[in-house]
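Comments concern the structure below.
Labels A, B, C and D are assigned to the chains in the order they are written; within every chain, residues are numbered from 1.
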Amino acid sequence: MYASLYRALYRIRRLEEETARIYPTDRIKSPVHLSIGQEAVAVGVCATLQPQDVVFGTYRGHALYLAKGGSMKAMVAEMFGKVTGCARGKGGSMHLIAPEVGVMGTSAVVGTTIPNAVGYAYALRYRESDSLVVSFFGDGATEEGVFAESLNFAALKQLPILFVCENNQYAIHTHQARRQATTDICARVTAHGIPAERITNNDVLRLFERSQAITREIRAGHGPRFLEVMTYRWFEHVGPNKDFQLGYRSLEEAQPWIESDQVVRLANLVDRPVREQIEREVTEEVLDAFRFAEASPFPNATELDADVFKEEAACSLI
Amino acid sequence: MLTHLTPGIQQETPRTETLTRELSYVEALREATDQAMEADPSVILFGLDVDDPKAIQGTTRGLAEKYGPARVFGTPLSEDAMTGTAIGMALAGLRPIHVHIRMDFLMLAMNQLVNVAAKSRYMYGGKVALPLVIRSMIGKSWGQGAQHSQGLYSFFMHVPGLKVVAPTTPFDAKGCLLAAIHDDNPVMFVEHRILHFHKGPVPTESYTVQPGRSRITATGEDVTLVGISAMQPECLAARHYLAAIGIHAEVIDPIWLSPLDIEPIVESAEKTGRLVVVDNGWSNCGAGAEILAQVAERLMGIRDLRVRRMGFAPVTCPTTPVLEELFYPNARTIAGAARDLVEGQPTGWIPEENPALRGIAFKGPF
Amino acid sequence: MYASLYRALYRIRRLEEETARIYPTDRIKSPVHLSIGQEAVAVGVCATLQPQDVVFGTYRGHALYLAKGGSMKAMVAEMFGKVTGCARGKGGSMHLIAPEVGVMGTSAVVGTTIPNAVGYAYALRYRESDSLVVSFFGDGATEEGVFAESLNFAALKQLPILFVCENNQYAIHTHQARRQATTDICARVTAHGIPAERITNNDVLRLFERSQAITREIRAGHGPRFLEVMTYRWFEHVGPNKDFQLGYRSLEEAQPWIESDQVVRLANLVDRPVREQIEREVTEEVLDAFRFAEASPFPNATELDADVFKEEAACSLI
Amino acid sequence: MLTHLTPGIQQETPRTETLTRELSYVEALREATDQAMEADPSVILFGLDVDDPKAIQGTTRGLAEKYGPARVFGTPLSEDAMTGTAIGMALAGLRPIHVHIRMDFLMLAMNQLVNVAAKSRYMYGGKVALPLVIRSMIGKSWGQGAQHSQGLYSFFMHVPGLKVVAPTTPFDAKGCLLAAIHDDNPVMFVEHRILHFHKGPVPTESYTVQPGRSRITATGEDVTLVGISAMQPECLAARHYLAAIGIHAEVIDPIWLSPLDIEPIVESAEKTGRLVVVDNGWSNCGAGAEILAQVAERLMGIRDLRVRRMGFAPVTCPTTPVLEELFYPNARTIAGAARDLVEGQPTGWIPEENPALRGIAFKGPF
């Protein structure tokens, strides 16, 4: 299991490092919100999911998309604006999608996918499926009214959904304490009747363990659950650089998070040969993905008008 | 991850020649919903108060009992999240119908409607579809006032990725609602409280009135009247006032506002040379502006033409009846405007009120 | 004090009873959301306010408007659509206003005045005023996302505001338990760091006492507070009738509330001659208000275009 | 219950003849805000990230330090409540400026904007005033995509009770922002990220560019180009392309979209006989529809005219640059359309790109 978690973490890390590295060449025609430092959240949770389970995320969605099994080639091609991208080049880094593996969307407007996830969970319950939905969002999203509304409805209908708050303590450059009257997000959640717990230290193994237990309960029909995972963003909010020089946060603050890097931690838990093989394979996969993106064509002009509407009805109702 | 259920009911063309049964607009909506739910278990219905004793003016009456609380349910007061929830359901292959007792309340749902529903299919490269119907009602009369009277459909016409329909007869109410439910895209279904009281022939079977087809509701040669939503019956009444003074108006009901079927309007305007668009909302950047702009783009240089918009007065809707009366166009003011256009000058003429042509009046409390 | 509370309660009761009585004559050209049964909430709180304190309310606003000192004549005239109405006939029963006594607005869209009240409180704090704001709303309004957002901001900035939830257990015909996953509204509020308490029985004296203590603390700069008052609506949601025949609630459920009617209770606490004088005066005031409304003119046509914008600038900034 | 503070600074007319100092649009906004805050302590500034290191592209730089956290503050991510809060402040006599980094996010604030801000004064019979400014920015380029690129100002033009302004030059940015802050009504102040990079002459003193006045930015006889927001510099560049083939375009900048100063547009269209309105949003029920409709109502039967709208393609904004390029009008496509109108037929002509006329390009990350 360490090996597969390490592979998942390392895949995301390498992909994003490569993204940051080539960003200055302007081949990526899209803003990028890197997850470096936060990979553990998507990985720890998604490792406990089934392929038919569904996730919704945010513009900071590379990690989630990859952790849930999205094609790396299609993702890099999407960032390059190529027609082979997962959204045919129309969505960019902020609108990743992979319905074939249950990635049902990521949005650039904070908080918007939370109720979408709830609705999907409603449909699963309605269809008596034993799948579940996981909704990923940041600490900032919990300030949007839609968060409280969504919690209430999910709890009222006892839906099969896990809410995961990736608390990196910042919304862009503003610390949580300057935006939230109390920083105890779990207390706000339990007040809606949803059991909530916090992982305080980005610990991927602890998260994996808790997520496994929690998703089991959700599948058993015990209603929604909430997980807050404290984590840290190493790079700037958007873009390929570090930003400690801006002064809104200090390198000292980041230090403990960097020292407890889950990628390094898991690397050390995997036997050297296995680990080296993983690293070779992942590096090859990453370079392949960039080569694929580079070699792929841009959409042609006729694509502009395609897919505003779905033309034929999927079911013949009448 | 879910696949669509495929129910076995066939599409039928309504046999308009055998239309002997009369239903109210409310009953037509109820029947359409019932038939759709009967035909396809993926159709579900929710919104504030859909399952309460008033049952959204009766349009959802009995459906909670018939289909159970998992398919028909009232919601918390959470328009934003419930719209997002509807979108999530649609992503999962359900066909939700989300009902709002007032169009004004959609302002709380704009983020999900404009930023998510309208865009998902395109921004995800065609990977998803959103079969979603949003029903909402425009209020009028008896002091509905500022926040319970708006006809804001032009917002939805503005945004690619949404369809908009505002049926004006029981026949179209049923056929358009079935078409909307049948559609794999988000459809804004616009109702008017006054139209709810109207009665008309409605076939018993399932049928659809498809997107993008307008209807000539009365023919004439002298002036074209386009009436949207509750202004359609006002235009038909105006036609009678005009006929009495020898002016023959053609009346068109766009039915679907997006996609908009401009062709018959252009043809009629080309024939009559005069076009009045009567909107059930404000004129500025409204549906009427769009229709005039399209007609101008098409006919300028081809046909000498006079055009005119009518709509809500450019103020907030007042509650007091004396001002509310001035706020809305009505059959008589429409007739007056049409005559002015025909004569090419202001005549000041407003016909004497004919009680037989008076619109349905709504009396309180609400 | 009993006498003045009784007068305040009785004024509202009589006014609304008269409203219901004449409603079938169609002279009131406006929907009416009666507060009968709920008068204690507005009265108990407003009795502890200063004239320069400010309140915001809902479409069910007659009680609040009167309790805060709004002119009864102007209110009835407003319901009649007359130009002498508090909103010149343009607002109707749902949009009462009386800035001269601190009634800063009532809205027909649920929840909308909550953040308006918060903003007003911000201005008071900014101007170092020792006034405060009270925001009144129903149990249904707490389901709107804006409620949570408003609580967070008020708590973050420690604003001088009292939130008062008039919990009559219903939103139109739907019981709170069918709309809220947990009915403990106070728990949701305290999770935002705002002290909250509940008055369980519509008790006007207890409410008065608590409100007095709480508003004192708010004025002392201790930040926002929350009061939930359990109460009961006797009439239909909107309109002049009782509606127990609809079946969504039972007369039995209503019985305890009717038996503990605060108007009757206070009447019994006031000496008979005083009480009779109050009743005479109030009855006269009510009839006067209806006579005034009846006799007042409708606005003339030129009013249609008035007051879309304020024309001259109030301050010359530049 | 609060009364207005009355600061003593006088209104001045800008001495346009002495405009030697150049500022960027960003600096002009910053200076306007600073001067307004200096002049009147009731002006306060807030919104997500106004006090962060990026300071809304620099438009709020240094103001938090200068005026302190009670007057300049970042907010929680709560657009709905913060808009309602701004309204409450304005009711109390403050003059809030609420800033949004993206116009798209206003969809979360529509209820307060449409149902409360626009209506309060009217529905309360004139008893209150709402001196409120909402700044928001339209994004473009570098994969902003579906949810970070919309120009939704026609929504606000539709609703009585809101003013809307979209200044295109640093001079107007400063003057319009001061006018907006000075105004006792809610003003939607629309910016464009691309325009932020523009530089131009800006007077040092306070001055206002008042509501309801458009500006002829270049004169010509053959065709009238109306360019809104970032389409104004594109129209000016198109004029150069057209001049090279002997077509003389008149260019108009409406500046204020509501109230809209239609007179100069009508006069120009009457003079040239050809009108192209280039919108920075979708055409359907957009600002261009309104302008065409008004011109048609006024000039049909008076002047033989050809009209045309340009705007966003009727699709969601794609991120990939090859499609994004097709999504927006630009100087060359505008020139082509104008020529077609002048020649009365499709010519297929699009000028060769002249690098000197290329618009400012925005490069990522954001």
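By our rule, contacts are C-beta pairs under 8 Å (C-beta built on N, C-alpha and C of every residue); 3 or more make two chains touch, one makes a residue touch a chain.
In this text, all values refer to a predicted model and were calculated from it rather than measured experimentally.
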item	value
Centroid-based (C-alpha) most distant chain relative to subunit A	C
For subunit A paired with subunit C, centre-to-centre distance based on mean C-alpha positions, whole Å	45
Chain centre separation in whole Å, for subunit D relative to subunit A (CA means)	36
For subunit A paired with subunit B, centre-to-centre distance based on mean C-alpha positions, whole Å	40
Residues within subunit D bordering two or more other chains	75-76, 78, 80-81, 104-105, 107-108, 111, 115, 122-123, 145-147, 160-161, 314-316, 318
Set of subunit C residues in contact with two or more other chains	85, 89-91, 95, 107, 109, 143-146, 149, 152-153, 156, 179-180, 308
Chain-level touch network, classified as line, ring, star, complete or other	complete
Sites on subunit B touched by subunit A in the complex	1-2, 4-7, 9-12, 35-36, 39-40, 42-44, 70-71, 75-76, 78, 80-96, 111-112, 115-116, 120-129, 131, 160-161, 163, 178, 181-185, 206-208
List of subunit A residues in touch with subunit C within their complex	143-149, 151-156, 179-182, 184, 187-188, 190-194
Subunit C residues touching subunit D - in the complex, by the definition given at the top	52, 54, 56, 85-91, 95, 97, 99, 102, 104-105, 107, 109, 112-124, 126-127, 129, 131, 145-146, 149-150, 152-153, 156, 306-310, 312-318
Partner subunit A, residues of subunit D touching it in the complex	48-49, 52-54, 74-81, 104-105, 107-108, 142-148, 313-316, 318-323, 326-327, 363-366
Residue ranges of subunit D in contact with subunit B within the complex	80, 104-105, 107-108, 110-111, 113-115, 118-119, 122-123, 145-147, 150, 152, 154-155, 157-161, 258, 281-290, 292-293, 295-297, 300-301, 304-309, 314-316, 318, 344
